[in-house]
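Note that chain A is present in both complexes that follow, paired respectively with chain B and with chain C.
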Partner chain A sequence: MSGYLITLGTIIAINAIVACGLNVIVGFAGQISLGHAAFFGIGAYTAALLATQAGLSFWAALPCVLGMSAFIGLLLGVPSLRVREDFLAITTIGINFIVEAIFNNFEFFGGALGIGGIPRVGMFGLKLRGTEFLVLCLFFLVVVMVVCWWLTRCWAGLACFALREEETAAASVGISPVRFKLLAFVLGTCMAGLGGALYAHFMRFIAASDFAFPLSVSLLSMVVVGGMGTLWGPILGACIIGVLPEVFRPLVDYRILFYTMLLLLMIRFQPGGLLGENSAARRVLAKMRPGGRS
Partner chain B sequence: MNRPLLEITGLSKHFGGLRAVDGVSFDIRRGEILGLLGPNGAGKTVCFNLISGVYKPTAGQISFDGQRTDGLAPHVIAGLGIGRTFQIVKPFAHLTVLENVLAARGIAHYRHLPKIWSSWKTSAERREALSLLERVGLSELADRLAGLLPLGNLRRLEIARALAVARTLLLLDESFSGLRHEEITQIEALIRSIRADGLTVLLIEHNMRVAMGLCDRLIVLDHGRKLAEGRPAEVRASEAVIEAYLGRKGSAHAA
Partner chain C sequence: MALFLEQLLNGLATGSIYALVTLGLALVYGIMRILHVAHAAVYTIGAYVGLLFFNLTGSLLLAVLGSMAVCALVGVAIERFVYFPLLKYPPFVPLIASIAILLSVEELCRLIAGPQILTFNAKLPFPDFHLSGVTVTSTITAVYCITAAVLLLLWFITTKTELGLAMRAASQDMAVADAMGINSHLIVSVTFVIGSAIAAVAGILVGIYFNQVYPTMGAIPAYKTLALIVVGGLGSVPGAVVASLLLGMAETLLIGYANIPLPRDALAFIAMIGVLMWRSQGLLGSR
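Here is the complex of A and B:
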């Protein structure tokens, strides 16, 4: 495989991990978030600082990265308990800008220069690069998907689904909105943090602008295009949003036009996403598998 | 044992200047079907929301089985075994009918951190949920999306969901409204069988005929205050109730 394809594949795999995390928050628990890039950044900066300042390996730092993401997810998940829908969207946008500004303006986080010299991930005494690193990312993507899959089958996940559908009714059957919203936030931000750590060790140089608001928007687009609340939707969305800029490279001036048209067509014809309920893809799948309901 | 299941004392809920519920006191006795009646805006649903914890009372007390429950969160009150339905139905629209009931059966798991990670897709859970659906007559629609059901079936689904939660007390908020005559008869029979199983039922009802036939006792509210209380025959004969529903005798303005 050419280096170009491996790089593209690695970025898509990392984005898919982060989009899966966003899907837990938005698709499973129904809490809109337009600040997911902030948590991706928090994971990346934690991993980068632990690697360059504390000299920890990727593996030793990983529990700290996840712990930090979970803690900040918990902290910033609290606004979601107070505000809903449009207001939650605005609050999460605010969180994104604040986190980016902190990375950009504090010397501790490298300021505008960012953090460079992040080592490659080592495993069994060799440094992972190219295909090996892609395999590592795919391994973590599988882990994240298994967690998401289990979430669709366990009581915690069902509680999140119920909250997404009807909060008052969910509370009336014993589901604590506080507990399960925070749970979704923590799981989602942990996945974003994991993606961030992989990103930092892949790029080996990070800056605040890597985790700005437009990334949050494209992460949300991945989830929406693929199918909110579905298992495979975020993966498909990450592939589509990852590949499109490459396909449309010759049309660079018209790219935004194509995106806009794509988004409008999605909203008009497949509002549940490509893999959502009643989507064309799902109907075809149902026909191929008689009697099966997904 | 003779203590009432639920004791409500001096319960009030004011929204700014509006006294939606104003100093209401009544008891619910174990094993009875108690009806809450009253014209529109009398404060019946507000009463329900106070009992189930959706609202916190402005004043007054609610004791369930001797334990104060006013001010507790709705999910905590559900955990005590109090299930409720909603006047404006609130199904989990994008879940199946079966999943709606399963989400309520999760009440045994939601409070214990290790248990929330166990699977709900087991045959035992499915069986239990199906038997609840069978009881309300929805087992054939188990795999339909709840959001696609007509109102009559949604009202049954809400009862099934509340039954999964209600170990002792079931609150039904206008479970008959908008239903056809046959459906009303079926749900009346269902409520009687629920009481026969040892549950206590508090229901809000608009339809006087249904309430009179079904309930052991009635409480009539008007403008947030208790107007009358007693057996259906006593309530029907009460001057105050007739006045609230039909207007004052000989007065020019009909209510």
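Here is the complex of A and C:
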């Protein structure tokens, strides 16, 4: 495989991990978040600082990164208990802008210069690069997907689904909105933190602008375009949103315009997502299945 | 003291401009419950079309009128073709569509007019003021007068006319308004016309005030005005105006007198989260 394809694949795999995390918050628990890039950034900065300042290896730092992301997810999940829907959307946009400003303006986080010289991930005495790193990312993607799949089967996940459908009704049958919303936030931000750590060790240089608000929009677009609340939706979304700008590369100057217009059309005509309920793909699949309806 | 007063007046001018952009957003949210991020795209189009007409005709009045007409059309097109069909979906579906429109319009402006900053050299027909060492430039006078005029007109339309009554009815409950013989879809379109026309005025004013028109001029206002309508109380027009004026002054004074290590755009969001945690319905909002 060429270096170009491996790099593209790695970025898509990392984005898919982060999008799966966002799907837990938005798709499973029904809590809108437009600040997911901030948690991605917090994971990346924690990993980068631990690697360059404390000299920890990727594996030693990983539990700290996950713990830190979970803690901040818990902290910032608290606003979601106080505000809902549109208020929550704007609050999370605000969190994204504030976190980016803090990374950009405090010397401790490298300021505008970012953090460079992050070492590669080592494993069995080898430095992982290219294909090996892609395999590592895919391994973590599988882990994340297994967690998501388990969540759709276990009691906690079903409780989150109930909250998404009708909070008052769920609370009346003994499902604590506080506990399960925070659980979804913590799981989602953990996955974002994991993605961030992988990103930091892959790019080996990070700056605040890598985690700006537009990335949050892309991440939410991946989840919505793919199909919210489905297992495979975020992965399909990450592939589409990752591949499209590359496919449009021959259009040079018109590339971004085509990409944004296509995003608009997909949202406009397939608002439930490509794999969501009532989507064209689902209908075709239902027809193909023996004994399928319609 | 003179410096402080000048800072305050500058802050009030910044706040007035925020208010003009936020007004349209608050109107649209009030009636449709959609976070209309693309409002900033309409405002960018307003600035560009205004500049184009101004350079073609040399008349500022024609530029403003032409820009208002074009923006009204764009606003209605966004409402008819994008928002209305998406109303029955969760609120973030139209929000993403709206952000996609904003990005597309930025790209269109960049491709058509070029990525460079264009200048808007227009002289506004307002006088300068000199009061005991404090100078109020003609641009700032213009910003005050135009904002006051727009606010008065809007207040008159929404409280004293039948159209305003219909708008308020539709914003309370569209289905019931329909049952009472109000064509609520038409009212929604009219709201977009009014909001977008005000955005055109705001775009031209900002272009003249900073003497800059560029493709991404809507990027920061797009999200900052969201913070403002939240602080004001979602859908409350007076709340949005009060929040805009307060933020404009607070930003200018804080940047001038306090050494804060964060950029001014982050301050708006910190203030917003503070207000939300304290009064989750916003300053003038009702539950």
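Methods note: the second predicted complex is superposed on the first by the 280 of 294 C-alpha atoms of A that agree within 3 Å, B and C clash if a C-alpha of one lies under 4 Å from a C-alpha of the other, contacts with A are read in each partner's own complex, and residues count from 1 in each chain.
Note that a residue touches a chain if its C-beta (ideal position, glycine included) is under 8 Å from a C-beta of that chain, and two chains touch if they have at least 3 such contacts.
Quick caveat, the model's predicted, so the values are computed rather than measured.
J.: After the chain A overlay, clash or fit between chain B and chain C?
T.: fit
J.: Quick check on the superposed pair: does A:Ala89 touch chain B, chain C, both, or neither? Answer first, second, both or neither.
T.: Only chain C; A:Ala89 stays clear of chain B.
J.: For chain A, which side has the bigger count of touched residues, chain B or chain C?
T.: C
J.: Quick one: classify A:Phe139 as touching chain B (first), chain C (second), both or neither.
T.: neither
J.: Name the contact category of A:Trp149: first (chain B only), second (chain C only), both, or neither.
T.: Once the two structures are laid over each other on A, A:Trp149 reaches no partner at all.
J.: Applying the document's definition of touch, where does A:Ala170 land relative to chain B and chain C: first, second, both, or neither?
T.: first
J.: Between the C-alpha centres of chain B and chain C, what angle is opened at the C-alpha centre of chain A, expressed to the nearest 10°?
T.: 80
J.: First (chain B), second (chain C), both or neither: which does A:Phe161 touch?
T.: first
J.: Given the touch rule stated above, what does A:Phe108 touch, chain B (first), chain C (second), both, or neither?
T.: neither
J.: What is the contact status of A:Arg268 with respect to chain B (first) and chain C (second): first, second, both, or neither?
T.: second
J.: Just the number, please: smallest Cα separation between chain B and chain C in the overlaid arrangement, in Å.
T.: 12
J.: Where on chain A do the contacts with chain B and the contacts with chain C coincide?
T.: In the superposed arrangement, which is not itself an observed complex, chain A uses no residue for both chain B and chain C.
J.: Quick check: in the complex, which residue numbers of chain A touch chain B?
T.: Interface residues on chain A, with respect to chain B: 150, 153-156, 158-159, 161-162, 165-166, 168-177, 179-180, 229, 277, 293.
J.: Over in the complex, which chain B residues touch chain A? Could you list them?
T.: Listed in rising order, the residues of chain B that touch chain A are 52-54, 73-75, 78-79, 83-84, 86, 90-95, 99, 102-104, 106-107, 109-111, 115-121, 143, 145, 161-162, 164-165.
J.: Tell me, which parts of chain C touch chain A in their complex?
T.: 29, 33, 35, 81-82, 85-86, 89-93, 95-97, 99-101, 103-104, 107-108, 111, 223, 226-227, 230, 234, 261-263, 265-266, 269-270, 272-273, 276-277, 280
J.: Would you mind writing out the residues of chain A in touch with chain C in their complex?
T.: Touching chain C: residues 26, 32, 34, 79, 82-83, 85-87, 89-91, 93-95, 97-98, 100-102, 104-106, 213, 217, 220-221, 224, 253-254, 256-257, 260-261, 263-264, 267-268, 271-272 of chain A.
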